[in-house]
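Right after this note come the structures.
Paired with chain B in one complex and with chain C in the other, chain A is shared by the two complexes that follow.
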Partner chain A sequence: MLLNRSGSGGRWRIRPDGPDKVTGALAYLTDMTSEDMLYGLVLRSEHPHAVILAIYTDKAKQLPGVHAVLTYLDVPGLNAFGIAHPDQPVFCEDRARYIGDAIAAVAAESPAIAQQALQLIEVEYEPLQVIDDPEQALLADAPQLHPNGNALHRTTFCKGNTEEGFKQCTYIIEETYYTPRQMHTYMETEGGLFVPEENGRLTVYSPTQHGFMDRLQLSRILAVPQSDIRIVSSPIGGSFGGKDELNVQPYGALLAVRTGRAVKMHNSRRESVRAGLKRHPMKIYMKTGTDAAGKLLAHEVSLLADTGPYSTLGAEVLNFAAEHAIGPYRYEHLDVKGVSVFTNNGMSGEFRGFGGNQSIFALEGQMDRLAERLGMEPWDFRRLNLRKADDPGPFDQPIAMTEGAERVWEAIAKCPLWQERKAMKQLEQFAREPWIKTGIGAAITMHGAGLGVGIPDPAGGRLLLADDGKIEAVFGYEEFGQGLIASLEQMLIEQFGIADGDIRIIIGDTDVVPDSGSTTASRATAMMWKSLQRLRAPFTGQMLERASSIIGFPAGQLRLSEGGIRKIGADELLLTFKELANAEGVPIRCETAFNFPTSATDRVGAHFMYTYSAVAVMVELNTLSGRVRVLQQYHAVAAGPVVNPQGYLGQIEGGSSMALGFTLTEEAVMEKGHYMTRNLDTYLIPTIADQRGTVEVEPIEHLPEDDEYGPRGIGEVGSVTLAPAIAAAIRQASGKWVNRLPVDPGSLQETPFFLNRAVSEG
Partner chain B sequence: MSDKVSGNELANGLTCSINGGVQSIPASPSKTLLTLLRDDFALTGTKRSCDIGRCGACMVLIDGKPFNSCLTMAYQCCGKQITTIEGLSAGGIGSIQQAFLEEGGFQCGYCTPGMIISVKALLDDNPDPSDDEIAEALSGNLCRCTGYGGIWRAVKRAIELIGCQ
Partner chain C sequence: MGMNIQEATESPLVWQPQTAEEAWKYKQSYGDDGVYIAGGTLLRTQWEAGTAIPPRHFIDLNSIPGLNEISIGEEGLLIGSQTTLQACRANPLLQRHFPMVIAAVRTIAAPSIRNLATIGGNIVSVVGDSITALLAYDAVLVWYNGVKEQEEDLADWLPEAAKPGNRHDRLLLRLLLPFKAYRKEETPCSSEEGQVNSDTKLFHAYHKIGRRESFTPSLVTVSVSGLLTRTGVIEELQIAVGGGQTIPGRLEEAERAVKGKIVDNAMLAYLYDRIIELYEPREDIFASAAYRKRTAANLIVTELWKAFGGLSEQGG
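Presenting the complex of A and B:
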């Protein structure tokens, strides 16, 4: 059944954070101000690669209204950050490795004075050779960007013997695929307010996807105990992975500590483009072969990722890409290699889909090419090689068993759009103009959730009855728009029988929340669900026992309900939550802590829980302009029960829009280490005019009876399967294979038939 | 007030209506309407995002028409009536806002005030727009979260709600 408002009935709810969002009343962290605050700005390198010979700050310091000018000399602790491996300097000391590298930071009484101060800082550079191509970076004589060379990380996965395997193949496809440097383009750029408190602590109001990770990193930089720092990190105006790593926080924190005054920072869009993370551009070579009947025998993959100047999570993204280059198929022989390479280009890092987007585009491209070579329907070819429910994962690791792959395959096979593909010849006759071509394509994937084997992945939360009678749900997660608060509220209502008015949700404040792990990797909703499963019996038990001691009925006859305690099967309110909270006794409070489930393998990064998705699309290609429009999308998503229908639909629609941009228009173009696309006039994300087609979402909720893991993540999966489906549809429409994204309209343009005739007749 | 101060105000000042209240504002010639609203009036519902008029997060109504406040100089607003999202919300949640709530026409919410301003301008001018007219009117408002599905539904729903009034 399709997911929509009318079919969801009462489960389709207005988000609790909605009213403040539609009225503009919600104060984002970049909206905050403080009396007497200063404005912080960062001076960034003029060159993508240079030796820094000297930094002169005296003139800037002497400018009236300037309160601090900081360089590497002013970092009391570790002059570096990076979630996995802190190798990105807070301030460059003797070398700049990209155009976003920070050299200095100023705090001044107005943004204009701060800007003027930046211009008064003199930096002497000696430009170095710019390494703007990862293949160039791997050459033996290339300048080395880091002590261990230019390869951040290499990964391999082999089984069988591909050389022998290819000898047995009847059909082999070799292709190289290229994917773009995509920008997250959260509408709220990075920023926040940094407030030194009277008690000597520092409060950081700045978006992030894991407050405790920011606290840890800032404590290293500031050389203060973590307990001296409070991170308030929600609400957030979009992140998509882009605010997972530190961005302005080191500068705001250092400036606030130095000046003893509140400091506000808010990146301009140009600054955000220059310094911020992007999706790893990848070059992916694949060689894939089958026997005469179409059974996959051998698959060889070589991934090359441009990770830019510093690590952040580049290694983890590469591991993820390797896993998803294998995907939901079975092969006898596998040889997957990958390397993530340092360059002087922009920072690449964590981004919704996390390396899956690139690999899945390539892998599904291989499947379509092989099917065509075999003369098979592409969907039948996939079925022939698709994993079974009890097959191991891509790295042959044990995974949580579901029938997701088969069920999303089946949903697409049956969907009207795919049925229509079979009648495409008739469809062509109805095309409006001869230069308009239509095509239908589809793709399938499995997408891992959680951080994977070998990476700390804590989860948990707390429920308590507050003094005012509210049931407080306290989690260390972040709300960046995905609907986390709404989903948590909906689970509390549905699982505990209480009402929205009984609930207070507290997130995103390291002083009061437990460390629930990061809000990344499609993990938070699943972990909140699991937390509530674990908390439900003890918390309800404590509540009902207390109620029983007050009103005399046995706890077993009582239930939690809207506003307070009722007898099971009766409507009469016996005790309000407020009365319960006022009763004597130890506070009612339950906490749980556990880890995201991992696979029993030692393969680092391998996943245990997967979401399955398949997408069919219809595109319209104008062969005069080469422009592609996506007319219809049908998404089948197998992720277990739908926690929040509106949020689920929104995640798939929104994720697929991001994928539409990835496929058709988005690329942060760089030349010699400089961004050519610096703002939203040249970096083109989809507008409403690009999204006039239909998007239908069929959630497949089925899970095995003994499944204990509940809802799977859906935050990323909407963004990973669309690109290859569009490429397949373009093939059907134009006869051309797409191997490079975003699709170049020039490559799809054709000379109209009437021009050919005019020339020949002339 | 000394003559000197009032002289300065005349040189750099402007008088306009912001959300119905008439304001006399000292404003330097280089100040944008966006900066004026956010920094001087703490009307932070109007958002800053691209600063070049491409994203629509800073959209406000000037005499009922939608404008990017990042591209509008404060001095250009002399004698004008400016309405921000706070002004639209002064009487509670209106039909357009209700439609956005019901249909999930927002996620992170950062584009939402500007989006709602543009929908307001559209529907005030044309209560029953075609899809082409909706796409045209909202193509200057970027949303990165929703993929516009919820926004399409919200606009259709708003047309219904307003039509029923």
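Presenting the complex of A and C:
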């Protein structure tokens, strides 16, 4: 059944943070101000690669209204940050490796003075050769960007013997795929307010996807105990992975500590483009072969990722891409290699889909090409090679078993759009305008959730009855628009029988919340669900025992309900939560802590829980202009029970709109280490006009009876399969294969047929 | 709010002249330090991109009466330079007589911008997407030069205006879209393609191709309009092309070469080649000149093919 408003009945809820967001009443952290605050700005490198000979700050410091000018000399602790491997300098000392590299920061009484101060800082550079191509960076004579060379990380996975395997193949497809440098383009650019408190602590109001990680990183930089720092990090105006790493926080924190004044930082869009993360551009070579019947025998993959100047999560993204380049298929022989390479281009890092988007575009491209070579229906070809429920994961690791792959395959096979594909040959003849061509394509994926083997991945939360009678749910997760608060509220209502008025949700404040791990990797909803499962019996037990001691009924006859305690099967309210909270006794409070489930393998990064999804799309190609429009999308997603129908639909629609940009319009173009697309007038994300087509979502809620993990993540998977499905549809429409994103309209143009020029342009 | 550079620098002075003469005097006083401003929507993007420096003096044209009106003059339709794009789009006279202008305006930016941006601003930008449509209608510009009003064909002004160092001192008051004799006979309800009489047929089309479906800079803009006889002879033809940073222009050589000819596949193939030859688009990192040429040629010949009933012949 399709997921929509009418089918969801009472489960379709207005999200609690919705009205304030829609009306603009909600204040984001970057809207905050403080009396007497200063304005912070960062001076960034003029050159993508240069030796820094000298930095002169005297003139800037003497400018009236300037309260601090900081350089690497002013960092009390570690002059570096990075979630996985801190190698990105807070301030460059002797070398700049990209045009976002920070040289100095100023705090001043107005933005104008801060800007003027930046102009008064003199930096002597000696420009170096710019490494703007990862292949060039790997050459023996290339300048080395880091002590261990230009390869940040290499990964391999082998099984069988691909050389022998290819000898047995009847059909082999070899292709190289290219994916773009995509920008997160969150509505709210990076920023925050940094407030030194009277007790000597520092409060940081700044978006992040893992408050405790920011606290750890800032404590290293400031050389203060973590307990001296409080991170307040929600609500957030979008992140998509882009704000997980530190951005302006080191500068705001250092400036606030130095001046003793509150400091506000807020990147302009141009600065956000210049300094911020992007999706790793990848070049992916694949060679894939089958036997005469179409059974996959051998699959060779070579991934090349441009990770930019510093590590952040470049290695982890590459590991993920390697796992997903194998995907939901079975092969006898595998040889997967990948390398993530340092360059002087912009920073690459975490981004919704985490390397899966690039790999699945290539992998599904291979499947379509092989099917065509075999003369098979592309979807039947996939079925032939698709994993079975009890097959191990891509790295042959044990995984939480579901029938997701088969079920999403079947949902697409049966969906009206895929049925229509079979009737398309006839349809073409009736096209009103012969230069408009339509096609239908589909693609499938399995997408891992959680950080994977070998990476600390804590989870947990707390429930308590507050003095005012509210049931407080306290989690270390973040709300960045994905609907986390709405989903938590809905789970509390449905699992505990209470009402929204009984609930207070507290997130995003390291002074208050437990470390529930990061809000990344499609993990938060699953971990909240698991936490509530673990908390339900003890918390409900404590509540009902206390109630029992007050009103005299046995706890076993009582239940939690809207507003307070009722007897099972009866409507009369016996005791309000407020009365319960005021009763004598130790505070009612339950906490749980556990880890995201991992696979019993020592393969670093391998996943245990997967979401399966597939999409069929119809596109329309105007061969006069070569432009492609997506007319219809049908998504099937197997992720266990739907926690929040509106949120689920929103995640798939939202993810697919990002994928639409990835496929058709978005590319942060760089030349010699400089961004050419510096603002949203040249970097084009899809508008509503680009998304006029319908999006239907069929959730597959089935899980095995003994499944203990509940809902799987859906935050990323909507962004993964659309690109290869569009490429397949373009093939059907035009006979042309797309191997590079975003799609180049010039390659799809045709000379009008009535000119009688048989050969199309390209 | 982000702390952009322009927000961090001192605010400029805004002058609000009440007459064209007064505006012109401000421009004379401040020279390069003063800039005429209407909606300001394009200038703002230039300041932000660093391709223009915000001036010290804004000469705000919004207070000058009479510059935002659309009326019928003796020779044609008069459109005040301060008429917003949205007002143009909603105007029944433009809709009826100059539909390619409506089609062009509809594709410019987004609604909030069209409410501020003016037709005059779009023209004096030299690369505005409305220009391609206006050229096809032989638009005439009416300037104030400090002494008197001056008329100048849009097609004559464009190449001069695009030259580096042009001071843009004159103030654009309005534009004139001449009524053509053969178009005048168009009945009010035949705003789409239609018969002028049983022997001839008017046709027109405007296309803008960008990098997304809306709110996009153009790569290619095309206007094609004219008059065909029932037997397929081209009696009148206007072809204008532009897009991106290309200065729009009419392809008069191509027009002349096919006027009086019959629309058939050989003629369209010839026209296609002529367009590829004559249209000289500026390329950038987003689209090659070759792509722009092919797109323009494809769109123009297809419109002619459609006008002569290509689709009905197809049985579609």
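Going forward, the second predicted complex is superposed on the first by the 754 of 762 C-alpha atoms of A that agree within 3 Å, B and C clash if a C-alpha of one lies under 4 Å from a C-alpha of the other, contacts with A are read in each partner's own complex, and residues count from 1 in each chain.
Throughout what follows, contacts are C-beta pairs under 8 Å (C-beta built on N, C-alpha and C of every residue); 3 or more make two chains touch, one makes a residue touch a chain.
Keep in mind it's a predicted model, so treat the numbers as computed, not measured.
Chemist: Between chain B (first) and chain C (second), which does A:372 come into contact with in this model arrangement: first, second, both, or neither?
Modeler: neither
Chemist: For A:24, select first, second, both or neither according to whether it touches chain B, chain C, the two together, or no partner.
Modeler: In the superposed model, A:24 contacts chain B only, not chain C.
Chemist: Once the shared chain is lined up, is A:266 touching chain B (first), chain C (second), both, or neither of them?
Modeler: Both partners, chain B and chain C.
Chemist: Answer with first, second, both or neither: which of chain B and chain C does A:323 touch in the superposed model?
Modeler: neither
Chemist: Does the superposition put A:115 against chain B (first), chain C (second), both, or neither?
Modeler: Only chain C is touched by A:115; chain B is not.
Chemist: Going by the contact rule set out at the top, does A:689 touch chain B (first), chain C (second), both, or neither?
Modeler: both
Chemist: Quick check for you: in the superposed arrangement, does A:478 touch first (chain B), second (chain C), both or neither?
Modeler: neither
Chemist: Check the residue A:654 against both partner chains and state whether it touches chain B (first), chain C (second), both, or neither.
Modeler: In the superposition, A:654 contacts chain B only.
Chemist: Looking at A:755 after the superposition, I want to know if it touches chain B, chain C, both of them or none. Which is it: first, second, both, neither?
Modeler: After superposing on A, A:755 lies in contact with chain C but is clear of chain B.
Chemist: Looking at chain A, which of its residues have contacts with both chain B and chain C?
Modeler: Of chain A, residues 189, 266, 268-269, 679, 681, 686-689, 692 contact chain B in one complex and chain C in the other.
Chemist: Under the stated contact criterion, what part of chain A meets chain B in this complex?
Modeler: Per the stated touch rule, the residues are 5, 14-15, 17-28, 30-31, 33, 184-189, 235-238, 240, 266, 268-269, 480-483, 646-647, 649-650, 653-658, 660, 679-681, 685-689, 691-692, 695.
Chemist: Looking at the complex, which residues from chain A come into contact with chain C?
Modeler: 39, 41, 110-112, 114-116, 189, 191, 266-271, 430-435, 623-627, 629, 664-665, 669, 671, 676, 678-679, 681-682, 684, 686-690, 692, 745-746, 749, 751-752, 754-757, 761
Chemist: For a test of understanding, state which residues of chain B touch chain A in their complex under the given definition.
Modeler: Residues 38, 42-52, 54-55, 57, 84-86, 88-89, 93, 97, 100-104, 106-113, 116, 131, 134-136, 138-153.
Chemist: Show which residues of chain C lie in contact with chain A when the two form their complex.
Modeler: Chain C residues touching chain A: 1-5, 7-10, 45, 48-49, 110, 209, 211-217, 220, 265, 268-269, 272, 285-288, 290-291, 294-295, 298-299, 301-302, 305, 310-311, 314, 316.
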